[in-house]
Amino acid sequence: MADNRIVVLTTGGTIDKVYFDDMSRFEVGETVVGKILREGGVTFDFEVVPLMRKDSLQLTDADRAAIRAAVQVREESRVIVTHGTDTMVDTARALADVPGKTIVMTGALSPARFQASDAVFNIGMAVAAVQACPPGVWIAMSGQVFPWDHVRKNRGRNRFERTDD
Amino acid sequence: MADNRIVVLTTGGTIDKVYFDDMSRFEVGETVVGKILREGGVTFDFEVVPLMRKDSLQLTDADRAAIRAAVQVREESRVIVTHGTDTMVDTARALADVPGKTIVMTGALSPARFQASDAVFNIGMAVAAVQACPPGVWIAMSGQVFPWDHVRKNRGRNRFERTDD
Amino acid sequence: MADNRIVVLTTGGTIDKVYFDDMSRFEVGETVVGKILREGGVTFDFEVVPLMRKDSLQLTDADRAAIRAAVQVREESRVIVTHGTDTMVDTARALADVPGKTIVMTGALSPARFQASDAVFNIGMAVAAVQACPPGVWIAMSGQVFPWDHVRKNRGRNRFERTDD
Amino acid sequence: MADNRIVVLTTGGTIDKVYFDDMSRFEVGETVVGKILREGGVTFDFEVVPLMRKDSLQLTDADRAAIRAAVQVREESRVIVTHGTDTMVDTARALADVPGKTIVMTGALSPARFQASDAVFNIGMAVAAVQACPPGVWIAMSGQVFPWDHVRKNRGRNRFERTDD
């Protein structure tokens, strides 16, 4: 039954960044989410769908429509979306009225390929939240699971914070 | 207010194992949970209480009474207990009737000091679950958040599984 | 030509230790040396020969004879032997009169599978030493390349030290 | 006596790169060489001198003169210089006629802060080479210790190779 499965749509962002020495710069690489889930020893059935590889500042309205369509087309009711942090809330807004699904967005402030990174921790949070939270869109970052419409990224402090309005 | 804080009681187990070359064996070492929370970039207020350093097979009834007392004495309503995996469910039972607290137990099948370990992932799950779950005792292992009375460790397969009774 | 190649004979020891949760103990696992050489980006031709998987305290005279025979039978003149630290010097003695080969022994005081380990560093030292040192038996540990007959393991301080006799 | 000590001059390059999420780019950060030496369990006396933090493509003639002066002013005869890979050979040339010192240059093709990096391996090679090699300038990269005037970086293949001229 599809309801036991979790699908992870990956869209890019810092979590999947790799370093290319010959260009002396970072780019979004192959996603590490599958490896993180396997090392986490998860026993549920899952599928990782590598949808796009973009910095979230580069995401267009068309990209957000594509992410939304990809969420809707899946029969699973539990969906994790990995995403760059800068516009994660914008994409959450685009997903807000998808009915009947628990959608948890997460990502990382430091690439998963670094020795010190919040990536594994955040994916762990997302996995628990996507099973425990009711339908709606949630953002799992900075040690908290926020309702999408009560959170923002504070770039200066490099963290996600609750907004009270 | 105490309800914004999370307390983590550590009792030992594989998650905190270290290796001593001069004795050619490993033992439970200083807990790594604080480091995991900091690398996870958590923004909530937390305290790590290093209660004991035991293999869970060595835990006695007196130890479980001490863990229970330590949980009850805290004013926080959200408590994470790290614990060895072999008798995690037994300690959960000892905590089952503590009223008014969400207690999430977790640990690891591979030491956190290993390059490949489920420790960070599991702590991430526990952090999300302790905020999202209602009062009661939960076990966050193997990619799932189980009610304590519907889970067992399958030693042969080295994983936690749901029980249906 | 064989002289461009490096062979690595693995015999066990702390460097290759893995943790088995179901037995709550460490044992020598599959060797990590090939992975370390690939991550080190080496461009020379090499072969890893997994000879045995023993704690060095368990090595017998017959084992040492087998290690010696395995070194002699190889046509490469540059040989790295990974080995447990407690009796590394004893095996070095058994290899001391193998003619015409540069043999570098190394290992680790902390398992390679740990996040903090001397394993990668020591293999890097061994690779440089096996190319730079004249024929004979050398021990690359604790940041130094020692002639085999001027070194001992100081168990109390958990390090290798030069002996002056 | 100064001859038992090793000095490490750090100049920047990929080995010390860090990632800044708020700028979506990485820069040369605080050097990791001291941490690598400590985790390697070295027992010799050493000093890390953080000379500059530059991509090697940005190094000027004045920078190279400063590196050369810093090498000459040290009383140690064994010097390791960490450096970006793109112009490592150019700086080696500037150091070639420093008399009476064994100078080993190294760096990394992947940042040391990555989980998969050649940094620790290369520092291990450099430590062995600086003790085993005669005076002169050497480059320890790609699993080999090259004389500085017989090596080049092959950018397309992202490796250092021997040149025969």
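Labels for the chains are A, B, C and D, by order of writing; each one numbers its residues from 1.
As a convention for this text, a contact is a pair of C-beta atoms (placed from the backbone, for glycine too) under 8 Å apart; a residue touches a chain by one contact, two chains touch by 3 or more.
Computed from a prediction, not measured in an experiment: that's the story for all the values here.
By the document's definition of touch, chain A and chain D have no common neighbour. Set against the Cα centre of chain C, the chain with the most distant centre is A.
If each chain is reduced to the centroid of its CA atoms, chain C and chain D end up 26 Å from each other. Averaging C-alpha coordinates per chain places the centre of chain B 43 Å away from that of chain D. Averaged Cα coordinates give chain B a centre that lies 38 Å from the centre of chain C. Among all residues of chain B, those that touch two or more other chains are 109, 115-116. Chains touching one another form the pairs A-B, A-D, B-C, C-D. Note for the complex: chain A touches chain B at residues 36-37, 39-44, 109, 116-118, 120-129, 131-133, 140-145, 159-161. Remark: chain C residues 14, 17, 19, 21-22, 24-26, 55, 57, 85-86, 109-111, 113-116, 155-156, 158 touch chain B in the complex.
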